[in-house]
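In this document, chain identifiers A, B, C and D correspond to the written order of the chains, with residue numbering beginning at 1 in each.
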Amino acid sequence: MLSLTLTGLNLKNPLMLAAGIMGTTGDSLKRIALAGAGAVVTKSIGTESRGGHSNPSMVEVDCGYLNAMGLPNPSYKDFQYEIDRASEGGVPVIASIFGGCSLDFSEIAKSLDADAFELNVSCPHAHGYGAEIGTDPALVEDITHAVKTAVNVPVWVKLTPNVTDIKSIGLAAQHGGADAVVAINTVRGMAIDIESSYPILGNKFGGLSGRAIKPVTVKCVYDLYEVLDIPVIGVGGISDWKDAVEVIMAGAKAVQIGSAVGNNINIFNDISSCMEAFLQEKEWSLDDIYGMAHEV
Amino acid sequence: MLSLTLTGLNLKNPLMLAAGIMGTTGDSLKRIALAGAGAVVTKSIGTESRGGHSNPSMVEVDCGYLNAMGLPNPSYKDFQYEIDRASEGGVPVIASIFGGCSLDFSEIAKSLDADAFELNVSCPHAHGYGAEIGTDPALVEDITHAVKTAVNVPVWVKLTPNVTDIKSIGLAAQHGGADAVVAINTVRGMAIDIESSYPILGNKFGGLSGRAIKPVTVKCVYDLYEVLDIPVIGVGGISDWKDAVEVIMAGAKAVQIGSAVGNNINIFNDISSCMEAFLQEKEWSLDDIYGMAHEV
Amino acid sequence: MRPVNAVITKIVDETPAIRTFFFDTTFELIPGQFVMVWIRGVDEIPMALSYENAITVQKVGHATSALFELEACDSVGIRGPFGNGFGIEKGHILLVAGGVGAAPLAPLAEKADESGIKVTTLLGAKTKDELLFRGRFGAAGDVRVATDDGSEGIHGFVTQLIEEPDRYSQIYCCGPEIMMKKVLDKVAPPKAQFSLHRYIKCGIGICGACCIDGLRVCRDGPVFSGEILKKSEFGVYRRNECGERARV
Amino acid sequence: MRPVNAVITKIVDETPAIRTFFFDTTFELIPGQFVMVWIRGVDEIPMALSYENAITVQKVGHATSALFELEACDSVGIRGPFGNGFGIEKGHILLVAGGVGAAPLAPLAEKADESGIKVTTLLGAKTKDELLFRGRFGAAGDVRVATDDGSEGIHGFVTQLIEEPDRYSQIYCCGPEIMMKKVLDKVAPPKAQFSLHRYIKCGIGICGACCIDGLRVCRDGPVFSGEILKKSEFGVYRRNECGERARV
């Protein structure tokens, strides 16, 4: 009862693994697929291999996490093997990709065989990549268009919340031909160690994820749903089934789960069974609750 | 040992009450002053009395609060009485004011007698006010300039984090003649009741405050400190002495405390005594830790 | 906390304009505490808990009217209980209730009676039909009645029923502010507790909308000792939802 | 958790290239668990707890070199303990330690000995001077030694010391992956536990950098049963900090 079609992909449930979590190896993606996810998204893959920022690259803060991994990845040249391995999990595998310009993006997309692409134009802490691009509607449209032209599978665009107006960026993605937008990447943040006054992250600042940002996710999804014709995929702070339902009611056709996977690898199964029970009790379908907060 | 001079005001400690918390009545401001705050900021005051948005106007969420009070206030015409009452607390009273244009702001500022003004160009949920203005550098500069011309006391400008680049807004305030900036107002957010699919707040969305947003505060303060010559006052998520130290290390000359006052009216005394003990143990002065994270 | 979904299980007409709504949800309650009742799409308003699972509402405006439209099986969102509640004192206590002010006092009467405290209640209303919880107060102790129109008990204000207030170990009062002010004038302030009414927004002690002389009705109250109220704006000024002061 | 400030109280030279750093902070520890050690301004690296309040570090690169610059009264930031640690089995256990791999095994030897478990340790290093925690293992049971240069014990690899592995109720192993792979090939996999080394970033099971066949070394490990490792990339591939696979 949780199955759906999302940009042409058939998902057994609307719960996906978010990019950058357990997403560097094919086997870890497969593990999450077998643990009940409706689809899995890979770590963001670039044109060259990168080691990322120096450690500490992630730290727990009140009600969430800060990370500045710095997009470590083995580059697309090494990554088809992982995608193929991941596919053994039996659910769609979405390749998250990033680059410095539309050429980078289309080069990578052309070279990889995946069920869909998610364009990371929103990572808040890799210089010259990600959110520095994702705050400019023209660039977002351009990149989306380039990838759409290069591939025949669905293209999703992942948005940053660190903008004055996320709707304009969502609209740019839609104009560029995106099949869906994904909201949100992490929220700009920073933590300082008061014993030493050092910023804790090796990169000094990073992106906030986890429970702390869920209200931001709900608002972004709600706003995007109001202006876009393409589906919105919600991500950010979803930690239990209630959060998933809330984000879907805000207007997400499906959701992704990142940080919360760390403490509960089985979260996809847990959420889907609780969501089913909730829908059953309320006599609602998944489609009924989709965007429901806009109807009251 | 915690005393300081901030834009010409002498404060016994760097801990102030944030705008909109216990700030509608002179007596509540006085209570906070007597409970150890170094200064108090009033509720934002406008040109006409307003009842604000309908309830629910505030709700607790994971690790923080969402509010959409909608700037209820009795208007400046009724407010000098409260400021005078508040002054009996023996610490500077800063009048927070808001309006739809620079004329509104200067009209109010001219009519009120306060130790300083804080311009609220950053409230995320009052249509036509606050953050709709505070995302436009030209307007921020214009308003700041207008108030600076109208009054002889320090003028602070309170910034919203809901922008692509808070530094440009801070610089606009500085160009307009601001004596300090205050960062941050609440982070755009929303919560939906899954039992009914109703957005919980009467205004549907609101602003996130409390622990959840502290990493955002630290980052904004850190960034503003790097580009501004005028002091930055830090606010957002400060809940204990460690948070206060962290935000000061990020570059705040002083801090304000909002949400955390609810559960602990005595928080100003608590934080100042713990901060003193910490500084003593480390053999640091308040001035030593100010911006210390930039020195490593 | 977010609002809890509370389903209405039963509605009791107490008087022509007052109804009790029972919920499927039970709250651990100190008598005098209140909850914020969210009538979705309409408003959220403060209501004392009149039972551990019920509120008793007088229809006065748009939100209470919307509540009166609800039926069993409908639901509201509830945050709380909030506030301090009454401090229960041993001995022989006097309750002074005006109108719907009886709502928080009824569970107090019952709890006191259960703990072996002697309870006397002075109950006032406009008219006989509007006397609230007469039966509950009667079961917990003596009741004496006053009505504005003399349809039952003495003809006049409930405050006139107060005799020898010093006989009581504690006096508890809830009703219109004017009436409470009269009670305060008649009794020894340190021995009296009053449940106050101010415009409540956040309900959790942050926004300051409900302040009376710097005290938060939602958090430091709603129950205050007469001693504190004696030198306050109580009975003199109230504030509206804008924070404007107005004569009571 | 944020990093805890741990002040170095004492530094012990264990071998020419290995030092133990004692802290003012004690951790509740299952032997085999590790902490993330933040050398401020440099890097944060995983280190097994070799005592409840100490790590034992081999100088191999920039972060460990920076650690070696620190003195008593200096401090580091510590997150943890993380990971599962060794599962302690009754009977007679065999520890196989190569180089600094002795660090997590020493507290295991002591804890097992205290619980009346018989402990035999096979200790290997390049040369006599580099044998780590020989005294601690000796105090907890039998020790047999192998050195690459024959300066003490047998001349050869520690793996050559393994005889009749089935005699032991459980075998615990930590050292270079190549050595551990050899141990795995010699013993009954379900009866052996290996403490693995992968590039650790988050340390808390989220980022996936440390995955080996989908298992997170930082969270599901670092200790894995031989049974699980048998059919894995263990001993075949490792991954660098980019996630690239490379032959071990």
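Here, a residue touches a chain if its C-beta (ideal position, glycine included) is under 8 Å from a C-beta of that chain, and two chains touch if they have at least 3 such contacts.
Values in this document were obtained by computation on a predicted structure and should not be read as measured data.
Q: Measure off the straight-line distance from the CA centroid of subunit A to the CA centroid of subunit D, and report it in whole Å.
A: Here the centre of subunit D sits 36 Å away from the centre of subunit A.
Q: Determine the centre-to-centre distance between subunit A and subunit C, using the mean Cα coordinates as centres, and give it in whole Å.
A: 50
Q: What whole-number Å value describes the gap between the mean CA coordinates of subunit C and subunit D?
A: About 66 Å, centre to centre.
Q: At least two partner chains per residue is the criterion; list those residues in subunit D.
A: Residues 40-41.
Q: Counting only residues that touch at least 2 other chains, which ones in subunit A make the list?
A: 61, 191, 196, 198, 296, in rising order.
Q: Touch graph across the chains, line, ring, star, complete or other?
A: It is a line, because the chains touch in a row without closing up.
Q: On the basis of the stated criterion, which chains touch which? Give every pair.
A: Taking the chains two at a time, the touching pairs are A-B, A-D, B-C.
Q: Which residues of subunit B touch subunit A in their complex?
A: Contacts found on subunit B: 61-64, 66, 135, 162-164, 187-192, 194, 196-199, 204-205, 208, 211-216, 218-219, 222, 237, 242, 245-246, 249-250, 278, 289, 292-293, 295-296.
Q: In the complex of these two chains, what residues of subunit C are touching subunit B?
A: 1-3, 5, 36, 38, 40-45, 75, 77, 79, 201-209, 211-216, 219, 239-245
Q: Help me check something: in the complex, which residues belonging to subunit B touch subunit C?
A: Touch residues, subunit B against subunit C: 20-25, 27-31, 43, 49-52, 54-61, 65, 67, 69, 72-75, 78, 191, 193, 195-196, 198, 200, 202, 258-259, 261-263.
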